[in-house]
Structures are given as C-alpha cells and as structure tokens.
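Each of the next two complexes has chain A plus one other chain: chain B in the first, chain C in the second.
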Partner chain A sequence: MIAANTKRIKKSAADVREGRRSMLLLFPYAILFSLFILVPVVIAIALGFTYFDVINKPSFTGLMNYIYLFTQDTVFMKKVLPNTFLYALIVGPGGYAISFLLAWMLAQIQSIPRTIISLAIYTPSMVGQVFIGVVWKTIFSGDQRGIINNILLELNLIDTPIQFLLTKDYFMQIMIIISLWSAMGIGFLAMISGILNINEELYEAAYVDGMRNRFQEIIYITIPSMKPQMLFGAVMAIVNAFNMGWIGVTLSGANPTPEYAGQLITNHIDDYGFIRYEMGYAAAISLMLLIVVYLFNKVAHKFFGSKDE
Partner chain B sequence: MKKRHKKSKYMGAKINPKYFSASQIKFYLILIPLAVFMIIPVIYVINQAFKPLGELFAFPPTIFVKSPTLKNFKDLFELSGTTGIPMSRYLLNSVLVTLITIVLNLFITVLAAYVFSKKKFRSKKVLFEINQLALMFVPTAVAVPRYLVIVKAGLLDTWWAHVLPLAAMPVGLFLVKQFTDQIPDALIEAAVIDGANDITVIRKVIVPLTKPALATSIVLTFQQVWGAVEASNNFITDDSMRTLAFYLSSLSTNNTVAAAGLQAAAGVILFVPNLIIFIVMQSQVMNTMSHSGIK
Partner chain C sequence: MKRGKITVCILLAFVLTIMAPATTASANQATSYTYTLEIKSGSYEFPRTQDAYLPDKTVTKLELSKPTDVFITQDNRMFICDSGNKRIVIYNIDTDTVVDEIKGGELKTPMGVFVTKDGCIYVADNGAKAVLKYSPELELLNTFTRPTQPSFSDTNFDPLKVAVDNAGNMYVISEGVYNGIIQLAGTGDFLGYFAVNKTKLTPSQLVQKILFTREQLANLTATVPTTFSNVYVDDMGIVYSTSMGNADECLKKHNTSGGNMFMEGIVGWDDVTDVTTDKNGIIYTCTERGYIEIYSKNGEFIFEFGSFVTNVDIAGLFSSLPSIAVDNNGFIWGVDKDKGYLQSFKPTDYAKQIYGAMGLYEAGKYEESLSAWRDVLRLNQMSVLAHNGVGKALFHAQRYEESLEHFEVAENRNYYSEAFWEVRNQKLQVILPYVFALIFLLIVVNIVIKRVDKKGKLKNFKKDLTNKMLDTPVLGDVLFMFRVARHPGDRYYDIRVANSVRGASKFAGHGHASVIGAAIIYVLTFITYMVYSTMKGFIYQYVAVEDMDIGGSVAGFFVLIGLFVICNWLVTSINDGDGSLKTVFILPAYAVAPLIVGMLSVTVLSYAMTYNESFILTIIMVVTGIWSFVNLFTGLMNVHDYSFGETVRSFIITFFFMAVAVIIGLIVSIMFEQLFGFIVSVGRELILNVI
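Up next, the complex of A and B:
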C-alpha cells in the first residue's frame, strides 16, 4: 500500500517535471502566438466598446460603435457588407470548388504534365501583392495601352477606352477575377495530394458494387476519402478570400475605392483605423470581420469535419 | 450477363495514371488553356521587365519582348527615391529580416510541433485546437491592436517589429505537427533509452524525419515575410529600416507609364525568389500536403 503510494507520487513528480519540460519547449511559440495573434484579437474585442483616437486614452462607450455601425454607417450597411458577402462567397466557396475540380482533373493525368500544369496554376498565388498590382493594373489600364482595352478597341466593340479601375461599373468583377486567379494556393496543393493518396482499391470496390459514373464516384468515394484535406482546403480558401481585401485599394490606388464599388470590410477597417484614426470604431468593425470569418469556417467544419474528434 | 456488361462500361477513375490514354484528352483540353490563362499575366510582366522604353510605349502592346534589356533593373537600382536610400539597402534589409524570421520560425515550430505530437499534458488538446482556430486568422483584421502591442512591447522602430509578428505561423505548426505524428513513438523511446534528452531527440530524430514539412514551413514563411509590408507600413518610421517589398510597393503607387518598366522589374525581383524556392522544394511541399488534413 505504502509502496504503491510512493510509486504514484514518484510517477506524478516525474510527470510534473515532464510537463514543465514540455511547457518550456512550447514557450517560444506560445509567447509569440499570444502576443501577435491572441492578444490582438482580445484587444480588438475590448477596443470595440470604446472611443479611441490613438492620442488620448480609450474611453468606454458601451455598444455605441456597434449601434452606429448598424444604424448610421450607411456605407457599411449599403456597400461594404453586401460587397464583402458577394466577394467572399464567390472567391471563398467558388474558388474552393474550382480548386477541387482542378485537383480532381489533375490527379487523372500523368505525373510530369501534372507537375507542370499545377505549377502554372499555383504560381499566381505566390507572386505577391506588388506583382499582382503591376500585372492587373497594366492589363486593365484605362488607356488604349491597357491589354483589355486594346483588344476591345481592335475588335471595334468600344470607341473609347473603358476606365476599368477608376469607375464602379466593372470594379467588383475585376476584383473577383483577380482573387480567383490567385486563389489556387496551398489548399489547392493539399487537395491534389489528398486525391492522389486515396486508396485505389476503394474505387475498384465501388465499381464492383455498381458505381455508375464519375459524379457518383466524386460524391461517394473521392470527397469522403479526403475529408481532412477538403477541410484544410476550405479553411485556406476562406482565409485567402478575406486576406485579399487589399486588392481593391491596390487596383484603384485609393481608399475608398471608386464609389465604394470594391470596398470590403478590411478596407473599411483601414479607412477608419489608419486614415481617420478612429481606432475604437475600427476595432468594432474588425470584430465583425472575425465573426464573419468564423461563421464561414463553421460551415466548412459542418461539411467536412469528422465527428469523432 | 447484361448486368456484367453494364458494369464494365465504367471502369472507375484512373488516379495517377502511368500511361497516356484517350480518356485523358478531355482533361488536357480544360487544363492546358486554363494553365495558360493563369500563367500568361506572369509571363507578360516578366517580359515587360526586360522591355526597352520603345517597346513599353509600343502600340499595340505586345506580350513578348523583342530586344530584351536590363535597363529597367539598372534604373531601379540607381533610383534612390526621395528618401535618398539606395535600393540595395532595402534589399539587404529584406534578406536579413527574411533569414532571421525563417530561422526563428523553424526553431519555435519544431519545438512546439514535437510537444504537440509526442508529449502528453493536460491542456494539449485545447491548445492545439486554438492553434487550429488560428489557421483562419486574418492579420488585417487586427492591424490596429497589433500596432498597439508593438508600441507597448517597445518594438516600434526596431528590427524585431519585422520578425516577431510573423515568426509564429499557425499553418506551419499545423503542418509540421501533422507530419511529426507519422514518426513512430518507438523510435523516440529507443532514443530516450539510449540516454537522449528532448533536445537530442529533436535534433537527431524529429528534424531529420520531418524535413519535407520543415521545407514547406520555410516556403510558406518565405512567401509571407519576403512580400510583407505591414511592419514597414505601420511599425517602422525610419526609412533605412524598411524592406524591399515596402519600397517597391510604394513605387507602384505612382502610376505613370514611364514607370511601367520599373514596376515590372520590381515585381520580378519580388517574385523570382519565391518561384525558385518553391520549385526547389516542390516535392517536399507535396509530400507534406498529403498529411495536411484537418480531422
């Protein structure tokens, strides 16, 4: 009895030491993670209830920011919110569906052409902000040197160049095209390898069981067998959609974008935070953004998450 | 008999085929034009960067350069802007910041991945969940609070302001941890019996066996840091401490046609290192991605 007790104490003492060592190893990551990811989120939540102009101390204003946001800020309700949802729905789930279909097709061709084609499709996602700005500003340039304008002029479809980036008419469509263009990132790569790793016997078994076409195959075999990659890809697609928020400002060269046509939540935050220095209000909008991102993720988990974990 | 025939009509998809067959043609018909569409803008800007002034102004505009020149790159290097700081300084800053961030990121990521994968402690599951939640972290959403943290921590106008915010990368930790899960516990136990402590285990077992995931982490960190402008924009006021990406992006905001060649050259300088690193590590990245699933 006593022996058993001391053994237990010894064991737990060893456990504690082991636990401390683990914590020590985890510490560097944990501290940086907390400082630059966790704490900022907490501060954003707290600041959302204050008026804060960076110079004076934040003063508590309760729900004022949120009340203003939903009742007075017509730009937010009429432009920013609808824009963000339209943009995020097409670039997030839309881009996701496209990257799955591409991955699925790529998995069914030979290895060398697959590598080359995937590299071509992946490249736009890694070119970076500056490059994207340069590329698409020249392509959609509002004078006759702009590639698109030049083609339209040549085909006699228009008489004068269209100011693609300075007017509201095509602004959102252009933003969406560019975002989709650069959306095939690591989520896309994860899905390719997810499909490639599916055990081929599964397909054979399903085929023996009477599977009739590719559509059934995708629904009953491919997607269920790569759920974890599907979920990773979904999270990456959503994050990408919201992280591309700078695109409108880069294209038009101004915040706000022409007649708020491309104004997304992230631009609205920048507008209030770093142009008007209403940090409290900007933080309240940030919280809205985090909630929207979280909701999108919840949906993704509903579709592809596994119940056991 | 009839039923048998019906079955044989559809043979199931051929995943990762070794040989070409006619059934692949339809995929090529979609994939090749698409790949061209994706890559043409990139090729266009690369060509643009090597065009002499005459070709940049040419009408109608052309995609491919006829008589390539390095003049745009030369001009870019000689241009020191209004600040009087030469581009080589920004380049040096970027290289240093990127290297330090990658090293720091690798170090803290390996340690954390080892703990999350192989150690048992109470709050482990919750903590990893938090990290997983942070995969969807959108940095721009908390640009303001991040700025406040930097100020409070006394990091404003220091080199650390470039490095520390980007060092802890949830995606990197996630991928390396998933990969570490593949290492059998027996291997680690054997090392421990031989007298290895945690650091030795990490150095001799974990690092060599998770190389693909670490390579992926390097690729991702590089992409983030090399193109990052947040720190230079918000946390640094001293021009001589800002990075190349910031300098080149501030260049592209004054949009004159004469600057088109310079901007293209700037874009190429920022993009090519990304491309090279990715191509070099491509097979490792794909290897890692097969363990990337979220359960």
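Up next, the complex of A and C:
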C-alpha cells in the first residue's frame, strides 16, 4: 500500500518535472500568441461593452452597444445585414464551387500547362486591389469611355452613360462578379494539391466495382478523399466572403459606398472604428461578425470535418 | 291646427320632389366620362371616376378660323393664335370681351404664341419662317429668322411652336427638324438643340445595324425619332415638351441640360398636342382626338376626360383639339381647330380637393394633406390616388401601421414594403430580447442534454422514431422523398433495384418508393404549388387570386406531369432505358421534396419579408429548384442506367416529344370541335327543314 503510494508520488514528481520542461519549451510560443492574438481579442471583446473614442478612457456601458446595433442602427438592419447575407450567400458557396471545379479541371491536364494556368487563376486573388483599380474600373467606368457604357451607347441601348460605380442599382452585382472572379485563392491551391494527391488506384478499383462516369468519380472518390482540403477551402471561402468589404470601397472610392449599396459588415466596422472613432461600437459589431463566421464554420465542419474531431 | 300641419307636410313633399331632380340635373352636366388610372395585377386599367371637370362656357363669337394655339397670362387674358385669319386675338376671360388683336403684314401663318411674364409676345410664324417678338404694347420688336450660325447648317426653320424661358432663351419647334428643340438665345443666335428624342431601334433593326455594311444600311428606310409636337415653359422656367408618335415619350419635363425628369415613364397617348401647367404645378395635356389628361407635378396620371367625336355639336367634345390653356381660376380652355370656338371646363369640387391635397403634400404639410386626402376618400372610396395620398401622408407622419391598409388598397407595393419594414422593426425591437434569451436557453439545454445523455439515447430514440415512420406503409412512402433528396444517387439506385430486378427482395434501409406514395406526392406538390401561387404575402402576391385561372393551372399541372411520364417512358424504352412505366411514374415525384419545402417556406416567409430581403426568397427558390432538378436528373440517370450524355439527350428528346404531343393534341381537339360543330349544324338543319 505504502510502496504503491510512494511509487505514485515518485511518478507524479517526474510528471511535474516533465511538465515544467514542456512548459519551458512552450513559453516563447505562449508569450507571442497571447501578446499578439489572445490579448487583443480579449481586449476587443471587452471594448465591445464600453464607449471608447480613442482619446478618453473607455467607459463601461454594458449591453448598450448591442442594443443599439439591433434597435437603433437602421443602416445596419436595413442595408448592411441584408447586403452581407446576399453577398456571402452567393460569393461563399459560388466561389467555393468555382474553385473546386477549376481545381478539378486543372488536375486533369498535364503538369506544365497546369502550373501556368493555375498561377494565372490564382493571380487575381493576390493582386486584386490593383487589378480592380486598373481593369474593372475601366470596364465599369461611368463615362462613355467605360467599356460597357461604350458598347451600350454604340448599340443605342442607352441614351446616357450609366453610373455603374456611383449609383446603387448595379453596385452589388458588380461587387459579386468581381469577387467571384478573384475567389480562387489559397483554398483553390489547396484543392489542386488535394486532388493531385489522391491515389489513382482508388479510381481504378472503383471502375472495377462498376463506377460508370466522371460525375460518380467526383462524388464517391474525389471529394471523400480530400476532405481536409475541402474543409480548408470552405473555411477560407467563408472568411473571404465576410471579409471582402474593401472591394466596394475600392470600386466607389469611398466608405460608405453609394447609398450603402455595397456596405458589408466589415465596411460598417471600418466606418464606425476608423471614421467615426467609436471603437467600442465597432468592437461590438466585430464580435457579432466573429459569431456569424464561427457559425458558418460549424456548418462547414459538419460537411467536411473528420468524425473523430 | 291639424289641417295646417298636413298642408305643410304636403307642401314640403311637393317642394322636395321638385327640388330633387334639379340637383341631379346640375350634377349631370358632364358630356364625357372622367377616367382615372389603376394599376391592377401589373396592367393598366382606366376605371370611371367622378366627373373632374364640367363644360362651362362655349365662346363662338370670336369667329376664329383654324386656331392652332392658345395661351393665358396671369391676368386672365387669353392669346389665341388664329392662323386662318392671320392674326393673334387677345380675349379677356373675366369680361368676356376681345381686348385687342395683332394683325399685320408681317404675320403670315402664325402657328404658336407665347407670352412671357413681362408681357412680351412671341409668335411662331410658319409662313414667315420666323419667330416674331412683340412688346406688351403690341409693337413688333424683333424678327428672328433662320439662325446664321454654321452649326445650324441648312436645317429647316419653319417654326410651329415657341416658348421662352426666364432668361429670354427661345425654344422653337420647327417643321421637319428631327434633331430636337431648337434653342435660340435672346439675340436669335443658335445655341444648340435642347432635348433630343432618340431613335428607338427594334431588335431586328439592332441586328441589322450590327451585321450590315454601310451600303446596305443606307438602303434601308431611315428610322427617324418621334417628333416634338409642343413646348411650354412654366413660371419657374422649367421646360415641358410633348411628342407625337410614341406614347412612351408623350410628355417630358426637362432639366436644364435637356434630360427628362420623368424617369419612370409616363402614361399617355401617342397624339399629344399641347401641354400647360397651372400655378400649383399640375400638368395638363391634350390629345388631337379631344381628350384632356391631368398629371401631378411628378408625372403621376391623375385623370382624363373627353371623348372622340366627329361632326356632333356637344359642349365639351372636340373634333380636333390642338391646344389648351389654364386660367387663373383653374378653368381649362380648349380650342377646336375645325369649328373655331373656345370651350372652358370648370373643375368640380372633387378635382379641386385632389389638387389641394396634392399641394399640401408637396409643401410638406402632411397632417393637413392627410385630412384633405381623407375628404377625397369620402367622395370616392375606391380612389387609388386618394389611398396613395393618405398612405404617403401617414407614412411621412411616421404612422406606418395605419398607412399599410391604404397602400394595400392602392396596390402600392413599394411603399407598403417600406412601411412594413418600419412596422416590423418596431415589433422586432420588442421581441428581440426574448429571441436572444430563447437562443441562449436552447444552447444551454443542448449542452445539458449532451452531458446527461452520454449514451445518445435521445438520438437513438429520434432515429428509431423516424425509422418507424418510414416503415409505416403509406406515410413512410411519402416521407421517403426526403431520404431521396439527401442522397439521390443511392436512393434512386435502390428504387431501380427494387422495381426492375425480378425477385429482388427489400433492400437495406427504411422506407421505399411506391406508386401510391408517388401519387400522393403529386397531389401534395399541386396543393403546395397552389398555396404558393395564391397565398403569399401582399407585396409578393402580384396577381390577385380572383384574376387567376385556377382550372387552367389544375389541368396544366397534371397534363404536364402525365405527358412527361409517358413521353419519357416512350423515349427511353426505345433507347435502352431500363425504367418501366411504373418507375418512370415514381421517379419525378420523389425528386420534388426540396421544391415543396422551398415553396412552403417562401410562402410563409413572404409575410415577414420586405423587398429589402427579397433576395432570400429568390435564393431559396433557386436553390431548391436546382436541387430538385439535380434529383430528377440523377433519378433518370440511375433508373435508366444512362451515362451523363445519354441522360441529357433523353431529356431533350422527351421535351421535344412533349411539344409534339401538345401540338397534335391541339390539332385533334380543334378538328373534333369542327366535327362537333358540323354535327350540330346538320342537326339544326334537320330540325328546321324536316320537322
């Protein structure tokens, strides 16, 4: 009995020493992580319950920010929220589907053209902001030198050039088109590598078992074999869909966007945080955004997450 | 005493009977009906409404010959362009006398007249090819002939109408000029073309323009824009113009650069000859055939009256109406070109109340305009205009809840949506705390259940219950469609195995597809579809139930499904398809589960959504529609054991075959109708001649 007890004590002492050692090894990372990620997030959440204008000390206001957000902020309820949902519902799944399809198609061709084409497809997401400034602004320019306006005028379909980027009528649609065009980001690259990593023998075996076509290939072999990459792509797509507010600002050159037509939650946060300097309120909206993104990620995990998680 | 009372009674009754017809007679002076505009289920209707104007005075003593234009100044003097007699008559409306006239050598064929605020008279003279300017004392000040500027080149200058803005610029409409309204500076210099009517190309012309060479294009008949028929400048200096030939462009209110301020289009006719405004900004137009339309400041159609007659002398009806003007008292004066007389129209109380309410609303006095519109409603319960007015006034007074019913009557869905947003927002603010509390509670309950129920008993219970339901004969057959929707490929494979392989016993899993189940699902789908198309919330229910062809949709729905099933079976059975008629009948039914759910949820949500969130409904319908189609497609692929390409081909052939079947059906039914008619006529003949 006693012997057993001392043994246990001895063992736990060894454990503690072991623990100390790993703590020591963990220390640099823990410091950096808490300094640059954990503390700011906690502070941001805490700021959400205060009124803070950057100059004065934050004053605690309880849930006032959240109450204001849902009851008084008509811009948020009437424009920002519907805009964000519309945008995220189309750009999220749409961009994801396009990414997968392009990745799958690219995986079918030889290595050298694949590399070149995938680089070309990936470029927009890398240099998007510059591209938008140069290419898309020329295409949708509001005078008769804008490419689309020019064509429409030429065909006599319109009398005066349409102010694509300064009126609310077309703004959202243009934002969505551009976002879909630049949706092939990191998730897309991950998907290509995921598809290329699938064991060819799986397909052969499946064909022996009676698989008939490419469609079944995708459904029964490709997607199940690359769940981690699919999950990664989905998470990236969701984060992207809620984070691309800058497109509207770049296009119109102003925050808020024309008549709030392209105002997403991130623009609203920018608007309150860095234009009106109401940091407390901006932090509260950020927390709401965080919750929404988290919920969508949950859904993605449900589809592609592995069972043992 | 008693006797006296009776006499009084009799006398009173006598007086009343005499009085009664007298009052009705005075209300019946109108010689034409007044119509207002109603947009019902998306189409324009012109229902009759109370008389807005009554014919008042008919002035024949001026002995006009082919009058072409009238203009009334603020002091109620009317300038009549008497082109047949080559003169301008000045007639005082208040005293009913001719004050003066301009008649001189320089007037050849005056066609249009305009008087500025300071009394200068401008005459567009077609014969003299010039615009003449007279001083208030009727002395000729200026003759503006063809501008000499090179930019005017050799364009015609045969002025028909003229108007002058507050800066002294002239707007001239000239015969045979398609470029627009000629704008001249006060000095007579050509400034440019003011507004331009664009040529509107038809789709075929557009294709021609893209494809043809320059020579081929030159050979085509030139398309010319609709020509301006009149121009007018109101007290504020705003230019109005009318055009003939295209009802969409009949009336325009121009901004300073010549653009059209009536962006949303205007309801009118294609023979509008004149436009004028009164001091409240109400716009009056007239058409050649003798109708007079009245629009609000913003181009909303208020009402119109008049009638088209030839050679009947009834006060208030014109054989040709080239011009109207409105005097100080709001009376409309029209001139008959053929018969050469003036006719005035007196606004009724009904019209006056509408104008008054509009003016109050424009001025931002919403509370007062509210009561004014209510007065109009008292006169006409169904007036769309008044309901709109009351609704908007309430809306601006932030009484959203009350405004809803008025917008509903007026079928003003955009404003209804806006008002509903506000109402919903107010309710949301009350409910929101409870919703959050509920969500929080659910999360807590969920966590607790997970903690307590570690073995997953509840989960298993739920699973057992669904399996039990799926195993119930008929109910299970129907519910099976949801399993199909989740894994269409696998389930349709099951359906195929269960129905085609002889002696195959039950497959693994719960529930199975059956003919009874499919039939029930078809009926369910139909009921859902009817609910979806008739019971949506007001702003999404564009077509009223009473305007719908219910019988047609019943027949259409079932005929379409029957056709699809039979055609697909016929097409696939000669194309190596494995499906039997039974499986082909079952197949589409089990594909539509997402669409049923989609239609039901959209119907429910349409009561809670404004136009602001309409995209949610669109997305639901698109997603469930595509989902159902994918189900159907995989179903066909599996049941017939087709490849992707074969399935697409069989789809196309099926639809082609359906179209052919419909056409044959139509021909046969028409022939039977003829046969029936023939038999009936033979029978009649027999009855008439033999018996």
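The criterion applied here is as follows: the second predicted complex is superposed on the first by the 271 of 309 C-alpha atoms of A that agree within 3 Å, B and C clash if a C-alpha of one lies under 4 Å from a C-alpha of the other, contacts with A are read in each partner's own complex, and residues count from 1 in each chain.
Definition applied: a residue touches a chain if its C-beta (ideal position, glycine included) is under 8 Å from a C-beta of that chain, and two chains touch if they have at least 3 such contacts.
None of the values given here were measured: they were computed from a predicted structure.
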| item | value |
| --- | --- |
| Clash or fit, chain B versus chain C on superposed chain A | fit |
| Per-residue touch tally on chain A - higher for chain B or for chain C | B |
| Geometry of the superposed three-chain model: angle at chain A (Cα centres of chain B and chain C, steps of 10 degrees) | 130 |
| Chain B versus chain C as contact partner of A:112, first or second or both or neither | neither |
| A:156 touches, of chain B and chain C: first, second, both or neither? | second |
| Contacts of A:212 with chain B and chain C, given as first, second, both or neither | both |
| First, second, both or neither for A:55, with chain B first and chain C second | neither |
| Contacts of A:137 with chain B and chain C, given as first, second, both or neither | first |
| Contacts of A:85 with chain B and chain C, given as first, second, both or neither | second |
| Contacts of A:21 with chain B and chain C, given as first, second, both or neither | first |
| Chain B versus chain C - smallest C-alpha distance in the overlay, whole Å | 8 |
| Footprint overlap on chain A, where chain B in one structure and chain C in the other make contact | 212-214 |
| List of chain C residues in touch with chain A within their complex | 198-199, 201, 206, 209-210, 259, 421, 425, 428-429, 432, 489, 612-613, 615-616, 619, 643-644 |
| Touch list for chain B against partner chain A, complex | 7, 10-20, 24, 27-28, 30-32, 34-36, 38-39, 41-42, 44-45, 48, 57, 59-61, 107-109, 111-112, 114-116, 119, 121-122, 127, 130-131, 134-146, 148-149, 153, 164-165, 167-168, 170-171, 173, 198, 220, 223, 226-227, 229, 234, 245, 248-249, 252-253, 255, 257, 260, 263-264, 266-268, 270-271, 274-275, 278-279, 282, 285-287, 289-290, 292-295 |
| In the complex with chain B, residue positions of chain A that touch it | 18-19, 21-23, 25-26, 28-30, 32-33, 35-44, 47, 102, 105-111, 113, 115-117, 119-124, 126-131, 133-139, 143-145, 147, 150, 154, 181, 184, 186, 189-190, 192-198, 200, 203-204, 206-208, 210-214, 217, 222, 226-229, 231-232, 235-236, 238-239, 242-243, 245-246, 253, 265-266, 269-270, 273-274, 279, 282-283, 286, 289-290, 293-294, 297, 305-306, 308-309 |
| Residue ranges of chain A in contact with chain C within the complex | 70-71, 74, 77-78, 82, 85-86, 89-90, 155-156, 159-160, 212-216, 219 |
